[in-house]
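What follows is a set of structures to go through.
In the two complexes that follow, chain A is the common piece, with chain B as its partner first and chain C second.
== the complex of A and B ==
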C-alpha cells in the first residue's frame, strides 16, 4: 500500500478532527470512534474527503467499521479501491 | 413503585428472556437482575445507600445498564452523565452533586482523574473495561460482581429520587433534574401505554442512556419485558440497520439527524426491517421530507412524533393516524396529564397564538438539584391550587382541535443533532481562550444536524489562529457544542442599542453563504 495514502489520511484526521494537534494523533490501528476522535457526522466528512481527495466513490454498504474505523483500515480501503479503478478496463 | 422493581418483577416472570443486547453481550432478565444485585451489594459494602448519588459516566455498554439498576437497588440516586462531556463538565457534576461512587470506562481515566482533582471530590471509582484489579478506592467493574457479596437491603420507599439528570439551560452550568421513583414510574407507564409496548418488542437504541430519551428506552423495555439492543452511536447506519434486521427489531427511536442520515442512504440492507412496528421521533421536529422518506423506507411502521424535555421525560405525542393531517404537530399531552399554552400573564393563549407550554402531571420533576431559585422559576403553583406546573421555556401554539405545535425557545437554546446547546455557554468557553477579546457563538440552519454552530471572534492577540481556538474548545466542549468555524472580526455585530446580537451574526452569515 502506498505510504502516501496513509500520510494523507492521517493529515486529514489531524487537521480536521484534532485541529493540528499531533500530540493527540491516533495510532494507525486505534479506533477513531472509540477514542472519540471522529463522531457520527465526522464519518460523513471522512467519506466526502476520500471521494474528493482520492477520486474514488464510496457506496453506503462500504461505510462500515471494517473500512472506516482506523487510519490503517481507511488506507487499505482506499488502496483497494484505487487498484480496482486501475484494473478496470478504460472506456472505449 | 420503585424503578428497580420493574426489573425484579420481569426477572421473576421471564428470567430467560433477553433484556439487553450490547455489542456481543446478551443479558437475560435473570442476568441483568443478578449482576445488578451483586453490584448493588458491593456498593452497599462501600457505604453507598439511600441519600447518596452514584454517577455513571459510560457509553451504551452492557455495564451501563447493569449499573443503572445496581445504583437504584443500593437505594442511591443514579446520575447518568453524558459520555461526551469533557473534564470541565464532569468537574461540575462532581462538585454539584458529590456522588459517593463514580463509574467510568478505562479510556476516560485521564479525564476522570482531572475532574476529580479539580473538583477535590474523590468518590469510590468503579472502572469498566479495565484489565487491572483493585487499587485503593478504585475497583474493576468485574470485581464488583462477586457472587459472595452480601445482598443489598431491600428498598421500599418510592418517595425518594431515582435519577438526577443534568441538562443545559440558557445560561450558567447544566442543572440536575431531580426525578423521583414515582415520576419515572408514571412516565414509563404512560410511554409504554401509548406505544403499546409488550414483551414481544425488540427496540434498537443508539441514543445515549445518559439522556432521558435513551434512558427511557431501557426503563420502558424492562417494565414491559421487551428486549433493548444498545448501540453506541449512529456513525455506521448500514451496520446498525443490519443489526436491526438480524435482531427482528420492532421499535426504532430516532432524532431528526438520524432520519436525515437514513434519507441519504442510497442502498439499503435487504428486508427493510419487516418486523418494525413503530418509529419514534423526539428532540426536534421532523421535517416533512423526512417523514416521507421514513414512510417510504418502512411502510408498515407507525411513526410517532413526540415532544419531551428532561424535566418531565415526555410531554406530548402525536398519534400516527394524525400525522398526515398535522405533520408539523407534536400532538397532545400524554393521557392523564395536562399541557396548556399560556400568555405571559398566565392566562391561556388564544388559538394559534404563541405562548409558553406549561405541563402538569405525575411525571413532572421534583426540581433542580441545589438550585431553589431555578426550581421556583420553572415549577410554579397552579392557580387552581392543585399542585405545581412546569413552565417549559418552550414556545408553542395550539390549533382549534387542541393539537400543539412547537414554535421556538424563549431563550437562545437550540438543538444540534438532538442535543441541547446553549450558545451562551459556548461564548463562555471561547472567552477563556487566551488571545480572545470577545466572542459570540451563533447558529444557522443545517440539513443534517438541525443547526450549525459558528463563532465570531474579536482577537486581543493578532496572531491567534482558528486552529488554536478550535483546540481550546475541543478540550472543553462536547462535540455538539463545538463551533464548526471561527470567523475573525474587528468587532461583534450590535443592535442600534449597542447589544451584541446573535441574530445579526446569523443573518450576516446566511447572506454571505447565499452570495458565494
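== the complex of A and C ==
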C-alpha cells in the first residue's frame, strides 16, 4: 500500500478533526469512532475527501467500519479501490 | 452485517416506535393512527415513484435502527420535468453508538435517481451532515418568522406550551394586551394595534379542497422552479393538511380584491389565545403585502397571540416593513448533481417549503389519537 495514501489520510484527519494538532494524531490501527475523533458528520466528510482527493467512488455499502474505522483501514480501502480502477478494462 | 434497503410494510411498527420516541419525545407506545399514517404516507405517498422510496437502516441482527422518510415530488424548470425527493423524519436509534447508520442513510438517499434532493426540516446535526455531502443550505428559506399580535398572551402561550399549568395566567394577559393595543403609533414590534391591519385587509373566503389545489397550482407557477403536482395528489395533500390537531383549527382562506379576483391564499392553524402556525402563503406577485395584511387581520380577529411560519424569499421584504422577527429553527437544504438546478433556489425563484416539502403532512402537528 503506498505510504502516500496513508500520509494524506492522516494529514486530513489531523487537520479536520484534531484542529491541526499532530500530538493527538491516532495510531494507524486506532478506532476513529471509539476515540471520539470522528462522528456521523465526520464519516461523510471523510467520504467526500476520499472521493475528491483520490478520485474514487465510494458506494453506500462500503461506508462501514471495516473500511472507515482506522487510518490503516481507510488507506487499504483507497488502495484497493485504486487497484480496481487501474485493473478495469478501458474499452475498445 | 448492517444494511440499508427500501422501507417495507413489516418495518412500520419499528419506524412508528422510533418516530414516537425520537421525534415526538413520547414514552408511550405509538398510537395505531400513527402506524396507519406512516404506512400510508411512506409506502403509498402522493406522486408515488417506485424508484424513490423511504429507506431503513438495519443492524447486524436485521432489526431496524434508522429511517429516512422520502416523499417523491416532481418539479418543473425551464420546460423540463425534474424528479424531486423530499427527505424528512430522519432518525437513528442510538445514533451515537452507530454513527455509520445516519451517514449511510443520507448518502444512500443522495445516491438515488432523483434530480433534486430536498429537506426543509434538517436539525443542526442533519444540516452538518448535508453540508459534508455538498448540500446547499438555503438561508432565506430556512428562516422562521414570528409576528407578535398580543405580547402578554404570546408569553403566556409560550409558557403554557412548556408547562401546561401556566395557562392559568391567560385571563390576566388579556387586559394588558387590550391596553397595549390602544397605544403607540403602528407598526410596533411588540404588538398589533387595534384596526392596524383590518383597515387594510382585503376580503377573504373559505377555500375548499379543490379550489385550494387549483390556487396552489396557479400561484406556484409564478416561480421558475415549482412542483408539478397532479390534481389528485395535491388534493390529497390539502385534505391531509387539514388534520393537525396539536396546531389547532385549520384556517384556509383565499384573498379577493374588491373586484372579486383571487390574488392569494393563506393556510394556518390556531385557536384563540394561542400561537398560529402558518404553513403556506400564496400571493400573486405584487400583492404580497396585501395578503400578509389580510392574514394578520384575520389572525387578530380570531384572537391569536402571534403567527409564526417558514420563510419565503419573495415575502421577506413585505414582512420586514411589517415588523416581523426572524430566527432559525431548522434548515431548508437542496442538493443536485447538476449544480445549475441549485441556482433558482439561491435566487429565491423556487417554490419550496410547505406544500413543496413535508410540513403539509400530518407528521407535523397531528396527535394520531
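Basically, the second predicted complex is superposed on the first by the 90 of 92 C-alpha atoms of A that agree within 3 Å, B and C clash if a C-alpha of one lies under 4 Å from a C-alpha of the other, contacts with A are read in each partner's own complex, and residues count from 1 in each chain.
Following the convention adopted for this analysis, a residue touches a chain if its C-beta (ideal position, glycine included) is under 8 Å from a C-beta of that chain, and two chains touch if they have at least 3 such contacts.
Keep in mind the model is a prediction, meaning the values are calculated, not measured.
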item: Touching partner for A:5 - first (chain B), second (chain C), both, neither; value: neither
item: Which superposed partner A:71 touches (first chain B, second chain C, both, neither); value: neither
item: Partner chain(s) touched by A:48 [first = chain B, second = chain C, both, neither]; value: second
item: Partner chain(s) touched by A:19 [first = chain B, second = chain C, both, neither]; value: first
item: Touching partner for A:40 - first (chain B), second (chain C), both, neither; value: both
item: Set of chain A residues, in rising order, touched by both chain B and chain C; value: 33, 38-44, 59-61, 63-65, 68
item: Touching residues (chain side chain A, partner chain B) in the complex; value: 18-21, 33-36, 38-44, 59-61, 63-65, 68
item: Chain A contact footprint on chain B (complex, rising order); value: 84, 107, 232-239, 257, 261, 265-269, 417, 448-449, 467, 470-471, 474, 479
item: In the complex, chain A residues that touch chain C; value: 33, 38-45, 47-48, 59-61, 63-65, 68
item: Contact footprint of chain A on chain C as seen in their complex; value: 1-4, 92, 95-96, 99-104, 106-108, 111, 125, 128-129, 132-134
